[in-house]
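First up is the structure itself, then whatever we jot down about it.
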Amino acid sequence: MQVNGEFKPKIVAFCCNWCSYAGADLAGNNRLNYPAEVKIIRIPCSCRLNPMFILRAFQRGADGVILCGCHPGDCHYTTGNYYARRRMTLLFSMLDYLGIERERTRVEWVSAAEGAKFAATMNDFVQTVTKLGENRRLEDLRCKK
Amino acid sequence: MQEVKQKAIELLQSGKVQRVLGWKTGEFFYDLTPAVFETVEEIKKDFVFSPFCGANLSKYLIAESRKEGKIAAFLKPCDSYSFVQLLKEHRIVRENVHVVGVQCNGMCDIEAIKAQGVKGVTAVRQEGETLVCETLYGEKSVPYAAALSERCKTCKSKKIVLFDELLGENGEDDPDCGRFDLVSKLEAMTAEERFAFWQQELSRCIRCNACRNVCPACSCEKCVFDNDTLGTANKAAANSFEEQNFHIIRAFHVAGRCTDCGECSRVCPQHIPLHLLNRKFIKDTNELYGEYQAGADLETRPPLVDFTQDDCEPSVVYTRGGNGK
Amino acid sequence: MMHRIGVFVCWCGSNIAATVDVKRVAEELGKQPGVVFATDYQYMCSQSGQELIQSAIKEHALTGVVICSCSPQMHETTFRRTVSKAGLNPYMLEIANIREQCSWIHKDKETGTEKAIVLGRAAIAKVQLNAPLKAGETPVTKRALVIGGGIAGIQTALDIAEAGYPVDIVESQPTIGGKMAQLDKTFPTLDCAACILTPRMVDANQQENITIYAYSEVEAVTGFVGNFHAKIRRKARYVDETKCTGCGLCTEKCPQKNVPNEFNLGMDHRRAVYIPFAQAVPKIATIDANYCKMLQEGKCGVCSKICAAGAIDYKQQDTFVEQDYGAIVVATGFRPISMEKFDEYAYSQSPDVVTSLEFERLMNAAGPTSGTLLRPSDGTHPKTLVFVQCVGSRCSDDGRGKPYCSKICCMYTAKHAMLCREKYPDTDVYVFYIDVRAPGKNFDEFYRRAAEEYGVHYIKGQVGKIVPEDGKLKVQASDLLANEQLHIDADMVILAAAIEPNPTARSLATMLTTPMDTNDFFTEAHPKLRPVESATAGIFLSGTCQGPKDIPETVSQASACAAKVMGLLHKDRLVGNPCIAQPDELMCNGCSSCEKVCPYGAITYADKEFRTFEGMKVRRVAQVNPAVCQGCGACTVACPSGAMDLKGFSNRQIMAEVDAICK
Amino acid sequence: MKQENLIDAVRDSSGVNPRKCMKCGKCTATCPAFEAMEYHPHQFVDMVERGKIEQLMQSKGIWNCLSCFACVERCPRNVKPAQLIEAVRLAVIRQQGMNHLKPEQIPELLNPDLPQQAITSAFRKYRK
């Protein structure tokens, strides 16, 4: 999206309810800044993230998608993030294989105590995606209309 | 070849099975389609086993094994992997299937034969290392290897994983078949080159769904892309990301379940090398989570429903391999 | 059907209103399709704020509510109750987090307002697809099963029983008591283990709510939280429990005298018919079929002849008990690891090298030496004793030992050294340590007392090797602080062997679908906040099956575990989380992918008949047990056909949010 | 060689991670050459960890290690002190630099009575 001639990326952040969503709340509690381009969607666990959701976001014009979950070993549901880790690794690798900028997707493990990490991660991710510019390779033109 | 047909007749006559799943000629002699035979006469008339029996029969057993009576199925090594994978997923009623393993010398592709300059082919037969073609202009010979379809040139295995009886000899898998060479080549390209390559390939997709319909792993009761309630149904192709979305999701849904039988690429009317997507997943899972061959056995957990505590992080994608940025 | 949605934007005083133009947010969201009412208010969570919501629900016949406020982690429950009181299903509510994830992180009001509108829009898009959810309810069987009758199991069982619920203890040995029954004294108070344990054993036996199934094993467990069903194998004792009086006459007259006595760790012998120790509970004789001449060869019958009660029954068979339980407690305990792989310590070569547990028996009045410390090899009084700590603990992955600290060894070694010096002041006692870990209450004081008051020589450094020579044990070690090598001629060496989980725990974990760590300790549901629950609902952990623990810690965990069990059994019905997985049977392939990733074993399969174009067909389809599913959603992604969906976080809802955000 | 390179060289050629050491001293307790070494195995590991390689290289004691591998055998943390000692010895040999045999010198030095092993170790001294 262009705002006053400046590119502002659209970022969708999927956060697991137990660690990362709480980590994002903590970032807010501590008044840690990160760009408003990041919009968070709450999911119960990182393993709830279907690759279809990521592709859907890109189709609809997102410029970057990030998944945050509990650190491996700390999953509220004991094993969810282990499956998410494999799924995302393979999906990202596939996107890369198709020539889509690999920096547009990311997974970070953020615990409920890591508000600072959450903010830092988002700052970094937004910066990376801003540098990449608008997502053209993945979007569905029809959705633009 | 006669041996296979004879076996089909024998199985029906003995009453061991009530139906036989095999191949019959379509419009052209090289255009064979899977068919179910219920009488000896039908078999005598139409049953064919030739170097064009590429069609993987295992998928048809999902429906066929649920019908009354027993069915005999002729499974080539490729088909047997798909068969075991479907068994593993509880899709086939094992008791109702009599599996006859048939060895395969690699299946031919009429386009490959034409590419050798042989035109007007009306029939073929294998004689050792050569394929003798009867043509409108007399007999012509081509090396058998040159007539092979693309997927058979890098055949992963001549092993028939599961069978009730076997015609010919069982073979071995070939870890050095080089089936990932093309994937590696793509990986070594820059992102821009890869994007251009896939854009070129996938933009030809007409969403005919042939790849999905032939794929033994794509045998869902209802496909997500046909599902209106899910909001993912989308059939019309536009000049957009839609084809890629379809093919990524399709490849992801069969990841860890795809046996690499290559049917998707065989049936694609637009000649899109779809198997390269599936092979990427297979190559990745092999490299990251250990060797895994779908359909090789009934027990091993597929990589996507398994994990270890020290699996690599998704960020491995940013750093892995020599692929250019 | 389009919902009638009400949007309520909270100012949270100035917390939100300072960086978000709440009026504009309400105005913009009011224009969204489906929104029939939108307003803002200073404090939505206040009494009057809640009343505002409730009256709007009634006035505008709202069917869905979006509240733009603080994090759902703060007030989701509050607002669910609010809308519920106004007659709306509590799950027809969505919260847009415009405080923690918006107003508090942005300084610019324009930016904050724009973002709040997008977040509100996503919540509206989601609530459009919400459906009323009702949590499933299942009844609770008010009975607990405790697997393992050591101090952990006994304590848990007693606490539960005293709260009024029936408890069954299943113990594989002929008596309850576990490892603690074998101990002599306990640190840091030095009170006698039997004196504190045996009254608890008797209590357990007499408590009318407790049934003890000793010499029994859990054969199979099915079901789920509140509704387990267990099959218990009662191994044949060849003694009728209802008749045996525990007089012990048979155990004195049995001619088969050479059976290694496991209670004394094989350091003396018992008869083929035996009662493990004097205070055994239940005090019933057991015939060891491997050694009984009557059972092996068909001749003897001495015990049967002398038993006045006529309790001996050579034809007894294993029997089975089947019972329903609401909760299961795992208390399977530990054992010391085998010392066979530690050749350098000569354990297999010399009987004078013993493990600490063997040393307990050698010091115990009921032990093989009646409490006089004598060298096992020649029965002489040992003068020089060397204690080696950390044998097999804190080892890297070389297959000999365990990577963890066994936690109890530092303290019991201090205890042994102290007792030894107290009883036999003529002894020289050396303790070789790597670190002394004594962080419990009165623990460090206890260890310091051993060194300061009892003159135990504490030497930093692991012993290198031990060679038996001329009736002595040549101990080669080094004093790392003095930087010199030591050679000690010891009379006895005591190895503080690492402890490991009971070897039967692994198969039990599989039976209960309860996760374990790589060392076969059961994994707690949360390492800090849920230490006595397993990840599987209704399965609780007591004692060392969860990790190394000393007695005080074991008992506190056992009581904590009992409290959790009572909390569960107190409920008549369990109300589940309604946001659970739900398969669409028409789309399900029955492929088992979902089952494989379910951490709770909540998914099973059933063959069902479906109408198809070709008549009725039977298909295998997934079923989710609503009492067991916790709603993680792992299955929804594993499912290739999208047949499995998650209520409250459905595919369509999440995609609607994605669409709204990306618009 | 520079200090950091030296530490890396010792760690690489030994394949030992000295940080795994929990300082239990079992290696030292078990060492038959204790008296002959000014730095005992556990100190040795510690010194490598702290990068005091040069000090070790000057130590006479390294030549008194019998390479009996008792310390390797018994170390509970799989640290392998003896391999560190060997690596330091190698570092000393390599540092002597100028006394390596050059390949062209070998033929004239060849003597039928020379044990095979001596030739092999002469080559081993030769550094690429």
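Note that the chains take the letters A, B, C and D in the order they are written out, and that residue 1 is the start of every chain.
By definition in this document, contacts are C-beta pairs under 8 Å (C-beta built on N, C-alpha and C of every residue); 3 or more make two chains touch, one makes a residue touch a chain.
Computed from a predicted model, the values in this text were never measured in an experiment.
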Among the remaining chains, which ones contact both chain A and chain C?
-> B
Among the chains, which has its CA centre at the largest distance from chain A's?
-> D
Chain pair with the higher count of C-beta pairs in contact (B-C, A-B) = A-B
Central chain of the complex, centres being mean CA coordinates | C
CA centroid of chain B to CA centroid of chain D, Å = 58
Whole-Å gap between the CA centroids of chain A and chain B = 36
When the centre of a chain is set as the mean of its C-alpha atoms, what distance in Å lies between chain A and chain D?
-> 50
Chain B and chain C, separation of their C-alpha mean positions in angstrom = 48
On chain A, where are the residues touching two or more other chains?
-> 51-52, 79, 83, 87
Residues of chain D touching 2+ other chains?
-> none
So which stretches of chain B touch two or more other chains?
-> 224, 232, 304-306, 309
Touch relationships between chains, expressed as pairs = A-B, A-C, B-C, C-D
Could you pull out which chain B residues touch chain C in their complex?
-> 66-67, 88-91, 219-224, 227, 229-232, 253-254, 257, 301-302, 304-306, 309
Of chain C, residues touching chain A in the complex = 71-73, 97, 99-102, 104-107, 111-112, 114-115, 118-119, 122, 515, 523, 525-526, 535, 579, 597, 599, 630-634, 636-638, 646, 649, 651, 654-655, 657-659, 661-663
As the complex stands, chain A meets chain C at residues 10, 12, 21-22, 24-29, 31-34, 36, 39-45, 47-53, 56-57, 60-62, 76-80, 83, 87, 119, 143
Contact residues on chain D for chain C in the complex?
-> 20, 22-31, 34-35, 40, 42-43, 70, 73-74, 76-78
So, in the complex, the side of chain B touching chain A is made of residues 183, 186-187, 191-199, 224, 232, 238-242, 244-245, 248-249, 251-252, 255, 277, 280-281, 284-285, 288-289, 303-309, 311-318, 320, 323
